[in-house]
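Just below sit the structures, each encoded as structure tokens.
Both complexes shown next keep subunit A, but they swap its partner, so subunit B is in the first and subunit C is in the second.
And then the complex of A and B:
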């Protein structure tokens, strides 16, 4: 037990810097995932066939490429092609766009949960398609899918660790733990604290989404 | 060399690929019985495992693309430098090139990819690994003076003195009967055009050199 605290105390700078890097990676990716995910979901439920298809292609592309491969393409691939993206842009864009595909699917299911009658009523009252989507459908869709979005965010927090082990070599929490491990051979202790760090983040996400769920519960 | 040791033992060697970061755990967990993995003998590792007598003396160098403004160690601060997680260079660079931005990856082939697509400015590690990269990409070159001396030893499970004595005996024979020289010429010498004799440094001296 003492050993555990000793390792944390001695290597607090590494762990805290890794933790803050992971927080930043997750925060930026989350914004990208929500914004792009919402846009793609809107495409997916548009009344025009080819627009729907564009959204479908996005979802299938980003959902079917493993994140590690996506990271490699967006960093090494683009750089080879002469586009000098930096590791942070490649990392957050990959994680954000990857998660966006899942967010889009979640929202789409939420949209289908809004009864057709409401949409018909809204359109017949003279609201445009865009107004119907923004004022009637999406707010309800968001509410229905809050629990699902919560699991996606938790998955995203854990997926962020892949950025650190990839070619991008961003010193996130897992990477810092591995650096501590490689220097001290205190493997159990180093990974224990990394796990605690991720648990802290996923725990906060869980509580945050529980709060949102209660706050925006649809009272039927 | 691994084959020579296995042959002497009368067993068929099973080769497992390891990276800098996992080779010691491999030995401790019994995944491997012997490590031959460009591993520098140092005191920190010596507390975890046992080492054979040194079988090769590598020198730490810096690799850059031709035309780079990095001419040596003193130019590294402010630049990004790639090396492997868990290698001795992590510490060496932290001490000797303060202010350099270290990119720590799992394998040196990742360092090669990073320097080729200009995501890092330099790679630093043992000369034998860097010359391997130059054979793949003629646009790369070594600069500056050697930073470190890295005596390589075979890793043996801590406390297995019998196996260590055996490995040392095989290595002595391997160095003496010309097999060492042939292997050196085949893998290193013909790329670097540098002649080298088998190392005579003892394990104790090696531990002094690398600290």
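And then the complex of A and C:
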């Protein structure tokens, strides 16, 4: 037991810097995922067939490709092609674009949860398609997808560990645990504290989104 | 753009043994996925039943077990087992591994990969199955018990067939995630598709031309997209047929990356 605390005390700087790198990775990727996901969802519910199809191809592509492969494409692949991408850009863009496919699906299911009568009412009141989407549909859709978004944030926290282990040189929590392990051979202790870090993050996300869900719940 | 569409870069993929080298690696992914899927489904059901037990001494530890494993990154679990499992375990695995297993799965390293995949996915699947079982109306169990069935009989004949059927879409999307996650075993030096892609692209062409990393990994991504699309297409077809026959409606589960896919088609 003492051993555990000692390792934490000695390597607190490594663990806390890894923790904050993981938080930053997730935060940036989340913003990308929300922006791109909203755009793709808008494509998927657009009234034009071929536009819907473009959104569909995006979702099917990014949902079925392994994140690790996406990371290799966006970092090593683009670099070999002569585009000097930075590790942070490649990492957060990959995780963000990957999650955007799920965000788009979540929003789409939220859009379908908004009753058709409301859309018809809004259109007949003279609002344009864009206004209807922005003022009537999306605000309600966002509300009903809060639990889905919570699941996606938790998935992002877990998936962010893949960025650190693939060839991108980003010192996230898992990477720092490995650095501590390789220096001290205290494998169990190093991984124990990293696990605590990840469980803290996923736990906070779980409770945070449960709170939001209760806060913004709509009674129908 | 010129680089991406340069025909010689794509031709490189099919030159020599490159294509065969990659496809053989993909077979390793599929083998690991198949094995992990079977074990995770069995483990998931067992954990779900433990978690639903009426004995608190059983259900509470099972709940903690499930929540810990499904909230840790899979790659974290895999690396930890790879670095932390005693040498004797992987030696023991090499000794007991059945002879009919494919050659690639016989190395001791595969133990860490399989264990991690099963620990993580059985926890996630347990949560899915529990949600399915709990979504059943209470009357179902009460009726079964009133008819004189034992706990075991009511589970086997009444609760599980209905509860699990509702969870087929969620389960399938988790299995697709598992299929994608087999690429992570490349990190612990198992020679599957991604690893082979890296090996292949670390060499240069004759004459010092660099290997087309972008094309190789786009090709690898396409392989996964095709297989996963086929999987979801197949499951959707089965599901529609089943639904017509039995009238079940799929349920959602909290905390699943791909839950939308599971319920989206049902809407």
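Methods note: the second predicted complex is superposed on the first by the 220 of 220 C-alpha atoms of A that agree within 3 Å, B and C clash if a C-alpha of one lies under 4 Å from a C-alpha of the other, contacts with A are read in each partner's own complex, and residues count from 1 in each chain.
Keep this in mind: contacts are C-beta pairs under 8 Å (C-beta built on N, C-alpha and C of every residue); 3 or more make two chains touch, one makes a residue touch a chain.
As the structure is a computational prediction, the values presented were derived from the model and not from experiment.
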Considering only the touch criterion stated at the top, classify A:8 as touching first (subunit B), second (subunit C), both, or neither.
-> neither
Figure out whether A:87 sits in contact with subunit B (first) or subunit C (second), or with both, or with neither.
-> first
First (subunit B), second (subunit C), both or neither touched by A:196 = neither
Scan A:175 for contacts with subunit B and subunit C and give back first, second, both or neither.
-> first
Larger contact residue set on subunit A - subunit B or subunit C = C
Which of subunit B and subunit C A:165 touches, first, second, both or neither | both
Between subunit B (first) and subunit C (second), which, if any, makes contact with A:39: first, second, both or neither?
-> neither
Figure out whether A:51 sits in contact with subunit B (first) or subunit C (second), or with both, or with neither.
-> neither
Touch check for A:123: first (subunit B), second (subunit C), both, or neither?
-> neither
Counting only touches as set out at the top, which of subunit B and subunit C does A:212 meet: first, second, both, neither?
-> neither
Common ground on subunit A, meaning residues reached by subunit C in one complex and by subunit B in the other = 76, 79-80, 165, 178, 181, 187
Tell me, which parts of subunit B touch subunit A in their complex?
-> 20-21, 24-25, 48, 82, 85-86, 90-91, 103-106, 110, 113-114, 117-119
Contact footprint of subunit C on subunit A as seen in their complex | 60-61, 63-70, 72-73, 76-82, 102, 105-106, 108-109, 112, 147-148, 150-152, 154-155, 157-162, 165-166, 174, 178, 181, 187-188, 191, 194-195, 198-199, 202-203, 206
Which subunit C residues qualify as touching subunit A in the complex?
-> 3-4, 68, 71-76, 79-80, 83-84, 176, 180-181, 183-184, 186-187, 194, 197-198, 201, 210-214, 217-218, 220-221, 224-225, 228-229, 254-261, 263-264, 267
What residues on subunit A touch subunit B, complex-wise?
-> 75-76, 79-80, 84, 87, 165, 167, 169, 171, 175, 178-179, 181-183, 185, 187
